[in-house]
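The two complexes that follow have chain A in common; it is paired with chain B in the first and with chain C in the second.
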Partner chain A sequence: MLQLERKKEENKDILRLIGEVDASNSILLDQSIQEILEQGATVLLIDGTELEYISSAGLGVFMSYLDDFSERGIRFAIFGLNEQVNEVFKILGLDRLIAIAPDLSTATRLTHES
Partner chain B sequence: MSHKLNLSCCTSALVELRSFLQNSLKAYGFSEIDRHQVTLAVEEVCANLIIHSHACNPKELIRLEVKDLKKKLAIEITDKGDAFNLLEYEVPELTQVIGEKRKGGIGILLVKKIMDEIEFETKNGENTCRLIKNFPDAYRP
Partner chain C sequence: MIKTSALPLGRISLLLAIVVWLALVLVDLVRIFGMINNLDSGIAEEVTWILEILFFIFVYLVYRHVFWKTRQSDFLTLIWRGVSTGLFAASAGLLTELIYYALGESKIGTDPFLKNVFYHINFAWTSAFLIATTLLWKHLILYQKNKQVVNQWQVFEFSMAGALFFVFFNHNNLDYSFLFGLVILLVISILLAANLKWIPYLNFKEKWKTLLFLFLILLCAGVLFYRVLDSGNEGRVQINLTDNLFLMALFGFVFVYGLFSFLVTLFNLPTSSVFEQKLTEAINFQKLSQSIQPEESEEQVLDILLDSCISASFSDGAWIELNPKEQVQIKNPLRILDESTRTELTKLIPQEKQSWVYTSAAEIPQPLTIRLIHPNYKSALLVPLVVNKSILARIVLIKEVKEGFNKEMLSIIGTFARQACISVENHRLLNQAIENERYQEELKIAQRVQKALLPLKLDHPDSFDICAYSNTADEVGGDYYDTYQVDENHFVLIMGDVSGKGTSAAFHMAQMKGVFQSLIQLDLRPAEFMKKANAALSKCLERNHFITASIFEIDVVNHTFCHARAGHIPTLWYKATENKAEFISVEGLGLGIVRNLSYKNHVQEKTFEYHSGDILVLLTDGILEGRNETGEQFGNDRLKKIVEAHPQKNPIHLQQEIIDSLHQFVGGDGMIDDDYSLLVVKFK
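Up next is the complex of A and B:
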């Protein structure tokens, strides 16, 4: 089960992922990010505090947008990942390609600096 | 002791696969992180089979068996159909995956990084992928 919640805080678009992202629902994550981009986001933060699981299908969605983000100057970070999910990002070395922060305020600071 | 599951070839069955694995992996002294990762590796192999070898046909089945091999755990994934030998699959570089904007290709990379051994065989029209994880040193059954 995956639930997606969007909110806007000042210039930040925050997408909260609740539950599990796998091959059956990664399309929903893809669509949400696409919509946010189409509406002209400048800062996109993924709130992973309630993300329990993510497979390569979901990781691949993030990876497929990394070039887009840098071309359009969109600042992107993921925050609040639990230990297990964070470890999955690290196995692949994604923590070197994506800004990963412990919490919203750190993520906000990271995206301001970049 | 072994645990078995017949999995229907549709992506909505992956949630059932995860709960089966979480239960089956409990007994062997693995850390929570190890259980999470082994679950992920098995799911990556099954998702590949479901999508690429079985075109998401829910009438086709994948057979899973979790086996205790004394010092290590084997998860056997057996299916009929076009063999996908992940040992022969050339894992892409991350930069390549990003550059090509393809939303796949990293699953097998995860499997190779997580598991200690991977075996693959095709016999009598059946393909078996065996994913092996060593038990933690501290584990004494």
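Up next is the complex of A and C:
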């Protein structure tokens, strides 16, 4: 089960993932990010505080947008991941490509810096 | 049994009946001769009675046989049989009248012997007619059998059998006992005459024919009865065969049931269209429910439905509208009306009623009546056809009268619609099942092909043992492992995992094998191997797919292995000297994530020295991510503990231990929703 909640704060689009992202629902995540991009976002933050699990298919969604983000100059960060999910990002090496922050304020700061 | 049924019972009975009749004629003539000449003929009147009874029995057997042979015929054929016998009997009687009228008072005209021969002929025909008609009535009465009717009929039959022998008791007198018996039998006849359930099954035309036939039977019965009375009164016959309770009761029964049938058929005439309508509806309903045959299509079902609805409601026009989203086409969607009238009428139906979506999912839309304001057409009925929670089509029925659709029509049309929807749904499910079956077959082939992509035999020297295991979440999966012997001292182990699972993962797995098998020939160092693999796979993987891989190059002479990891689950290394297992930490990004030359910054290799008794466990994330019913993952620590607990085991047993523990952990309610693979190496 995956629930997606979108919210806009100042210039930031925050997408909150609640539950699990796996092969069956990764398409929903993909659609949400696509929509946010189409609406001309400049800063996209993924709130992973309530993300319990992410499968490789879910990681594939983030990965597929990395080039888009850099081309369009969109600043992107993920924050609030629990230890297990964080480990998944680290093992794959995505932590080297995506800004991963412990909380919202750190994530905001990271995206400001870049 | 077979022998008796092979005997021509009908013919034997007929023959016997004729013989008995001849004997009867002979005996009676002798008796008359005796009476006229005041001689004792030496033949008691009982002989006549016995012969008469035998004659009745044989005639009964003849007709029973005839009706048995024709029991499957329709009512009209059966009734005609009664009519024809009656006409014969009546014309025989009239012919006799005619002959005597012609003969006048001549000598032959008054000859008692000739008169008696004619009397016997008429008696025979009358008996045959009465018995045939009684058997015909029996067939009609017992058309819709139940226990009560059968019992009633049996009572009647027993009483008639009693009446047959009544003559011995009352000696052919018309006394009170005779009247009493007759009244009882007539009452039973009247009771039986209430069983007229065959009549509604006749259609309008058949009813008219039946009326004619019944009229003829009644007429014949009347004529014959009159003649019997006449001959009795005239006293020109010295031997009376017809003042017999059995024969009189038969007259009564034939007449009563014939009259009742005639009247009921007559009064049923005006309502027969209703019954016919109901029967048509039942047949239509059956057609609708049977139209699930694979060779029939949804269009045919809708076609039958449209026609059934029109006939059930006597509509003056109708059409069927198909939901534009559905892929059904119907050749002739319009009935009775023309296209312009239809457009005109469509405009008169409120827009919201024509919507293809229905708001409340719980409520299936029902047939809906609408008043039309139109010079010719006054009312409409919308019948939505709901298949699989969406409206497949809508039938619009139009009538020229106001409020032309009554409650019964709504209910029967609603039933038709539901049945048709069930048919369509079944048809679709059946097709789906066939399609699924085909996919299953295809997947089985894919599974076999994919299994062949994994090595049957793992290359390894005597200095280490190795075994591997792989299982897929679906029929096919995205895990891969392989071994390769570079030279006599160098062996390569490789394990890969495609993101996602199922068919797409399986295709990428096949690509991965191709890339790995090609690159491995180049004798590359592990980090270089990953760089080249990344470049190659970047060209063929879909944008949101990636592959993780681990590679080990083992040098069995120097007891070292060089390892690079591309985003893959770290390998567990049990060190025999320390009695401890730990995950090898080497940085490395998955393949296909960064699709340019900068990948070289994201991968590294490290060389380690191993010792005898060391164990390497390469695995994919499916093992660590297997979850029990509380959602807890199998995790690194459990795996570590298992290996540390069983370092002495050979690879195949250790591997089994890990798989068993995983299954035990996951349990019946948990899940391993991913492909999972293991490669266990133990150095000697």
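Quick note on the criterion: the second predicted complex is superposed on the first by the 114 of 114 C-alpha atoms of A that agree within 3 Å, B and C clash if a C-alpha of one lies under 4 Å from a C-alpha of the other, contacts with A are read in each partner's own complex, and residues count from 1 in each chain.
The definition used in the following text is that a contact is a pair of C-beta atoms (placed from the backbone, for glycine too) under 8 Å apart; a residue touches a chain by one contact, two chains touch by 3 or more.
Only a predicted model underlies this, so the values are computations on that prediction, with no experimental measurement involved.
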With the two complexes superposed on chain A, say which partner A:61 touches: chain B (first), chain C (second), both, or neither. both
Once chain A of both complexes is superposed, is A:106 in touch with chain B (first), chain C (second), both, or neither? neither
Touch test for A:1: chain B only (first), chain C only (second), both, or neither? first
For A:92, select first, second, both or neither according to whether it touches chain B, chain C, the two together, or no partner. both
Name the contact category of A:84: first (chain B only), second (chain C only), both, or neither. both
Which of chain B and chain C A:49 touches, first, second, both or neither: neither
Which partner reaches more residues of chain A (counting touched residues only), chain B or chain C: B
From the superposed pair, tell me which chain A residues show up as contacts to chain B and also as contacts to chain C. 22-23, 30, 53, 55-57, 59-61, 63-64, 66-67, 84, 91-94, 97
Along chain B, where are the residues that touch chain A in the complex? 10-12, 14-15, 18, 32-33, 36-37, 40, 43-44, 47, 50-51, 94, 97-99, 101-107, 109-110, 113-114
Sort out for me which residues of chain A touch chain C in the complex. 22-23, 30, 52-53, 55-57, 59-61, 63-64, 66-67, 84, 91-94, 96-97
How about chain A: which of its residues touch chain B in the complex? 1, 20, 22-24, 26, 30, 53, 55-57, 59-61, 63-64, 66-67, 83-85, 87-88, 91-94, 97
Listed in rising order, the residues of chain C that touch chain A in the complex are 497-502, 543-546, 548, 566-570, 587-590, 593-595, 602, 621, 625, 631, 633, 673-674
